[in-house]
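My questions all concern the structure below.
Here the chain labels run A, B and C in written order, and each chain numbers its own residues starting at 1.
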Amino acid sequence: MANFFKRYSITAVIAFLLVAAWVIITTYSTLLNPVIFPPALDIVKAFISAVGELIQGFFSSMGLLIPALAGALVTGIGGGLYFGLHEKGRAIFSPFFHTFSPLPPTLFIPYAIALLPTFKSASIAILFIGAFWPIFLGTIQGVILIEKHYWDNAKTIGVRGKDFIWKIVLPASAPHILSGTGTALTLSFIVLMMAEMFGAQSGMGHFIVYYTDFSQYDYVLAGLIFNSIIILMIIILFEKVKKRMLFWMNLKSE
Amino acid sequence: MVRLLDYSVEKEEQLEKLEAATKLEAKSVSFHYGETEILKDIHLEVKEGEFIVFMGPSGSGKSTLLRLLAGLSQPRSGEIRLNHQRLSGVSEELAVVFQDYSLFPWLTAQENLVLALKQKLKKTKTKKEIQQLAEEYLQLVQLGHAVKKYPGELSGGMRQRAAIARALSLGTEIILMDEPFGALDPLTRIQLQELVVAINWEQKRTIVFVTHDAEEAIFLADRIVMFSPGPPGIIVETIDVPFSKPRNRKQLFDSKEYIEFRDYLLGVMNKGVLERLNQSQQLLPGEGI
Amino acid sequence: MNRNYLKQLALGGITAITLFGLTACGTDKNTANNANTSGEAKTHSLKVGYLKANGAPLADIAIQEGLFEEENLEIEMVPFNASTDGVNALQSKKIDVGLTFGTTTPLAFISQGADLDIIGGHMEGGHPIYVPEEDKEKYHSFEDYKGKVIGTVRLSVPDIIFRSALEQAGLDLEKDVEIIEFKTMANLIEAAASRKVEVAFAGSGFLTKALTSGLVPETWSNDVQPGHVCCRAVTRGDYSKEQAVAYKKFLKGLIQAERIKLETPEKALEASRDRFKLDDETVNEIVNEEHLINSADPHKHQVEQVWEQMKNLGYVESGDEINLNEHFNLTFYEEALNELIEENPEDDYYKQVLKRYNEQNA
């Protein structure tokens, strides 16, 4: 714990200075437009009055994010393994991957609404699209970049089938899969703003976009702070999981 | 040691019947890497029960030939024959020990062995029996205390012991070893040399072993195959080691014959190296400035 | 999302119960219906899409006052951030009515061949032109905007009304003014507040924000083009008999809500408070600002004018191939109004509404 404080002490000082600068500039100067630079106290007030809505938003966003990410993990890793291992298929389909992966998920909103039965499923689909590509492409890259040593080694002991995938290919490509998943995770909080643009009455993205539309920047900033805290916690948690899964990369011999 | 392996005992009996049969063969093999010719017109026969060492400087193609013998690469021309059958891929009858990557770092020593054993024994043995067997093989190489350890937690010597245990556990007649002790400290190296000699001698496994260390080659080998510095690598000479087995390290290394033989061996190798140097100097006149 | 799910469950449950009820004692109910014209046993349901920024004041009032319940009409309100998403959802049958997607977005879709019908209205007027307080005296007519940097949100109603006014004042939109387009009204207000534009063709609902930023309304869209339409109630061109009944009931609720809002504006604030989750002052400004008129009347004439203006401004290119007349379906509104007159024979209000309807749509 002491270590933790030591490591992040400078980070905390920087954060404190940023907040202090905001307080000073917005409270004691008329330099900036008060609408988009609301005084810090207003943000705190907005945070307190909206905290219930923010927490409700957290739960409804998780209701979209969790199934979307779960789907993206299963299909992204599954598909990534397939195309990583099959060079021919990869050659045929990679132009599609390059065409579709950079498209903003917003583009798919009308199609998702038209093709899927409910607004919730359409929102999940938008999030899914955002999260799928980094995981999928990360997995393909992970498989392609597996060291030749591992292949040779696997070949000489004749590993096949399920063991081949679970005991060799997945762990060997795990660093890239997990880094793709990390990207997907951060990205999905951005996509959340798009995914909650229809049908959603609450949500972390909805909150920001909604109050931006009314120029209620004290609320927007309160929402941003709330979201940042959530994202930070999720990322820290994810890094922990990642470290545990990749434990074998940091082992020390006795 | 032998008691552990019912099937290797059976093979031992066969061995007596077909003494000194050719197990593994390279017939006018050549190999290219892109435009570069790595190996040229290689002829080689590995006899049953033999301990054969490939020796030569780096880049002479000795490790490449081992990969070809293992079926991990295919020759551009010529062929590899295993038990008189053309080899077209990896074979279950061969086990390989690599320099430092025979173990998957995300699996414990035991899991590494289990993974290999499972592929052969899935149908005949239960999971528990396979685990038991893996543990016994690790004990055999004095790693009983480290069965649950990950490769990252083991020293280089311990990792190679585990790798050897895995190769042994596969029960193949032939074990190919690619500079397996190259990264080890001298003492550990000596211990492991004793181990592989014992494996060859007591378990009658045929071993093909790559090294560039003359001392190691002489101590281990029945026959040393000398490679010229490539590319392209060619076999300059195949030399029978004139010392009977089992060998006593101290006596051997103190003997005059050993020193003479080692000098001869180094002479053969250095001759090739020097020729090579002269060649490149002739090819690039004046470029040394 | 949980709430939505529960809502769906509840809705499904209610329909199931009603269906069951009908098969069990259907005939009795039918005879009862013949005696009483106002109450029908069958429950209809509609999904009504609205834009979060606009809210849906009339629908909110009707919900709060139980006007839809009286008609056995279940309403599910579906929010959107972008009107194009809303109209797309309408086209793909995910919602049944688009209530506050503006006039221009549905018209733009119609110009692209979308099978949409305008069946009623929701809002008229209410859009200001903001200028910095210190410049207020500079402007007296649209000609005074010559040479100015003007901010607008392309294809919004104020954009069309005020651009048309500029053209009418003889200004060349290409040469005489510099027009900067913004994605949202909020962005436009911010740009005007930081004096990045000199004039803002803004939308309703930002008055307090604008005033705090030192901006004042120079003129209002109502003054420029009296009675101009804003949000229209839109449906698909193909609809079932069931939906036809539901639409009529829906408009009936809106017409009554319009009256409630007119007579007691406080109720509008109360009804929309939960919808917006903003402070009362802001909500009141959005629903009760004096230039903003809520009316359920389809106001065909003004829709046609906006259509012509869109064509003139080049926003609608294939406009001549489209017969806009085919995209009005006024029968629901007429039926709703006639029912209200029949049910309230003594009430003069609905006769006035009918008179207005005849003037604005005939």
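Assume a contact is a pair of C-beta atoms (placed from the backbone, for glycine too) under 8 Å apart; a residue touches a chain by one contact, two chains touch by 3 or more.
Computed from a predicted structure; not experimentally measured.
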Worksheet item: Computing the C-alpha centre of each chain, which chain sits at the greatest distance from subunit A?
Response: B
Response to the item:
Closest to the centroid of all CA atoms, by its own CA mean, is chain A
Worksheet item: Just curious, how far off is subunit B from subunit A if you go by their C-alpha centres, in Å?
Response: 48
Worksheet item: Quick one: subunit B and subunit C, Cα centre-to-centre, how many Å?
Response: 83
Discussion item. Report the inter-centroid distance (CA atoms only) between subunit A and subunit C in whole Å.
Written reply: 37
Fill in: Touching residues (chain side subunit C, partner subunit A) in the complex
1-5, 8, 52-53, 78-82, 84-86, 88-89, 91-92, 94, 184-186, 189-190, 193-194, 205-206, 209, 212-213, 277-278, 282
Discussion item. So in the complex, the part of subunit A that touches subunit B is made up of which residues?
Written reply: 147, 149-150, 152-153, 155-160, 163, 167-168, 171-172, 174, 247-254
Practice prompt. In the complex, go through subunit A and note every residue touching subunit C.
Written response: 33-36, 53, 59-60, 63-64, 109-110, 113-115, 118-120, 122, 197-201, 209-210, 212-216
Item to complete: Note which residues of subunit B are touching subunit A in the complex, please.
Response: 67, 70-72, 90, 92, 94-96, 98, 101-102, 104-107, 115-116, 118-120, 150-155, 166, 170
